[in-house]
Amino acid sequence: MERIEEFLAERDRLNKRLLAQADLPIKRFFALDQDVFEDGAIPGKYKELLGLVASAVLRCEDCVTYHLHRASQAGATHHEIEESLAIALLIGGSITVPLLRRAFERLESL
Amino acid sequence: MERIEEFLAERDRLNKRLLAQADLPIKRFFALDQDVFEDGAIPGKYKELLGLVASAVLRCEDCVTYHLHRASQAGATHHEIEESLAIALLIGGSITVPLLRRAFERLESL
Amino acid sequence: MERIEEFLAERDRLNKRLLAQADLPIKRFFALDQDVFEDGAIPGKYKELLGLVASAVLRCEDCVTYHLHRASQAGATHHEIEESLAIALLIGGSITVPLLRRAFERLESL
Amino acid sequence: MERIEEFLAERDRLNKRLLAQADLPIKRFFALDQDVFEDGAIPGKYKELLGLVASAVLRCEDCVTYHLHRASQAGATHHEIEESLAIALLIGGSITVPLLRRAFERLESL
Amino acid sequence: MERIEEFLAERDRLNKRLLAQADLPIKRFFALDQDVFEDGAIPGKYKELLGLVASAVLRCEDCVTYHLHRASQAGATHHEIEESLAIALLIGGSITVPLLRRAFERLESL
Amino acid sequence: MERIEEFLAERDRLNKRLLAQADLPIKRFFALDQDVFEDGAIPGKYKELLGLVASAVLRCEDCVTYHLHRASQAGATHHEIEESLAIALLIGGSITVPLLRRAFERLESL
């Protein structure tokens, strides 16, 4: 399993290349995508868990890795993350299991 | 727009017919599906918002209606629900908009 | 719930209008789509159950209605259909439940 | 089949209600969603066909109806729309057929 | 291409780590997920083909690899698997082709 | 990042193995899948962009790589491809971003 620092560095490198080639709508979308996870009526920690569950049911592995990291940084406990992944499993079904296997492996290392 | 009481009554009626015909695995799945939304490390209100966002990005209209109702019953404010739907929109894209239009209409009536 | 005869008649009417406007690739796709459900190494009954489960996990309601009818015509029993829908539920998750509720209602009337 | 004017009026009514309740990120998303379909390096007509095919493979019926209307307004011919829907069918598979049936019915009336 | 024994061993290792960290709902889900594939009204071989087609149209590569192996163990012939994948292709469209390419490569080695 | 020539050679190798094992319906599907991208009422270049956007919103990475290559071969400019990916991002949401990051990296090398 790739270390989280390597994942984040590669993500950052590719984001920069993407934004260097992108026009205004894509740049603005990226800004919005950060805004909606800011603390608000819902604390940032729970927003990251919302992002985690949405990513898991849509089966986006990079998105799951990212929100696992962010949720953990925002103070989400192992138990809160486990409960979020259980909800993703029930809603999304066994088709999410391969991704959840790798998410739980990463969770151990956070 | 169908009233929430009618939606819940019809949902209940069909659940009963389904469970009357279903074997043990389906019955057990239904029980599990309730368990994961119980208060735990994550309070029930936030779990309903997790269910709402997952339902919205997977574009299950009945599921959105149900979790809107449940989140509201669990004390989620209009602002918390709005922020959840904004996250669903950014993650799931404009393809979720038709469903979000109807969710906001229902939100007004909650 | 719409009667199955009405569903099939409307489906037939729209298929004719579609094919009247469609070029060769669409017409050929429609022919192929029939071919793969013919009796072969796998008997037609099980192929209809394959179509049913695929339709349920992809959450295509009209497709589920159609394959329920076809499976039943091909001799699938209530119990075989129930087991197929249980597999769809486990693989596809609770997001398939609204569609399964209506499938079980229809199953009672087959 | 609902007339296109009624569809657009209802869409407009619900958009207004949604935007009245939405915070800045959702409002900005809606603005971006219009920007990307403006004439640019790709003429508006082809952008509407891009929207149509994406909507069809993601099986969003309201989105298909909208882009059918917009593509037609932008000068797309019946034949260009048919070819776009054939691409959607091959990429998205027979699971898109129920939606395509209704799209072809609407196409006749445009 | 990874050998099937390696795939199964890694799957087993990750399942154990996942279950070691999981609460009751996830553990129970995993048990249910085995139950629905047991011999019943539908023989186990056909249930594995149901799992294969559902996995292919939902484009879960690990799930396809697993059900290919299980179907083969349960006695499914090359021809029965080919017919199942043809149904998946027609229902799920060309978007499933990259996954089917790798499934056919594995099929040769079973 | 794999070079495009390697990607195409591997794709070709696996297609041959698949077709060697496949019956008539799969062979015919593959032929149809080529037909719909031929020049017609819509020029081939725009058809490749339709394939690109559909592949991106359905998040099929191999399909995106293939249509990027084909669109470029058919004369699509960097700007036309960028606008197509912006439409995919708005329609498909941030869940498409990991795939778009890699698509933009490849775009630089075309």
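Going in written order, the chains are labelled A, B, C, D, E and F, and every chain counts its residues from 1.
Basically, contacts are C-beta pairs under 8 Å (C-beta built on N, C-alpha and C of every residue); 3 or more make two chains touch, one makes a residue touch a chain.
In this text the structure is predicted, and so the values were computed from the model without any measurement.
A.B. asks: Touching both subunit E and subunit F: give me those chains, sorted by label.
C.D. replies: Both-contact set = A, B, C, D.
A.B. asks: Tell me which has more C-beta contacts between its two chains, C-F or A-E.
C.D. replies: Higher contact count goes to A-E.
A.B. asks: As a quick test, compute the distance in whole Å between the mean CA positions of subunit A and subunit C.
C.D. replies: Those two chain centres are 36 Å apart.
A.B. asks: Taking each chain's centre as the mean position of its Cα atoms, how many Å separate subunit A from subunit B?
C.D. replies: 22
A.B. asks: Return the residues of subunit E touching two or more other chains; collapse runs of consecutive numbers into ranges.
C.D. replies: 25, 29, 32-33, 36, 54-55, 57-58, 63, 82-83, 86, 89-92, 94-95
A.B. asks: Hey, how would you classify the chain contact layout here, line, ring, star, complete or other?
C.D. replies: complete
A.B. asks: Per the contact definition, I'd like the list of subunit F residues that touch subunit C in the complex.
C.D. replies: Its residues touching subunit C are 24-25, 28-29, 32, 35-36.
A.B. asks: For subunit F, which residues count as touching subunit D in their complex?
C.D. replies: Per the stated touch rule, the residues are 29, 32-33, 36-37, 40-42, 46-47, 49-51, 53-55, 57-58, 63, 77, 79-80, 82-84, 86-88, 90-92.
A.B. asks: Using the touch rule from the top, collect the residues of subunit F that touch subunit B in their complex.
C.D. replies: Per the touch definition, subunit F meets subunit B at residues 57, 89-96.
A.B. asks: What does subunit E use to touch subunit A in their complex?
C.D. replies: Residue list for subunit E touching subunit A: 11, 14-15, 17-18, 21-23, 25-26, 29, 33, 54-55, 58, 60-63.
A.B. asks: Note which residues of subunit D are touching subunit C in the complex, please.
C.D. replies: Touch list, subunit D to subunit C: 59, 78, 82-83, 85-86, 89-90, 94-95, 97-98, 100-102, 104-105, 107-108.
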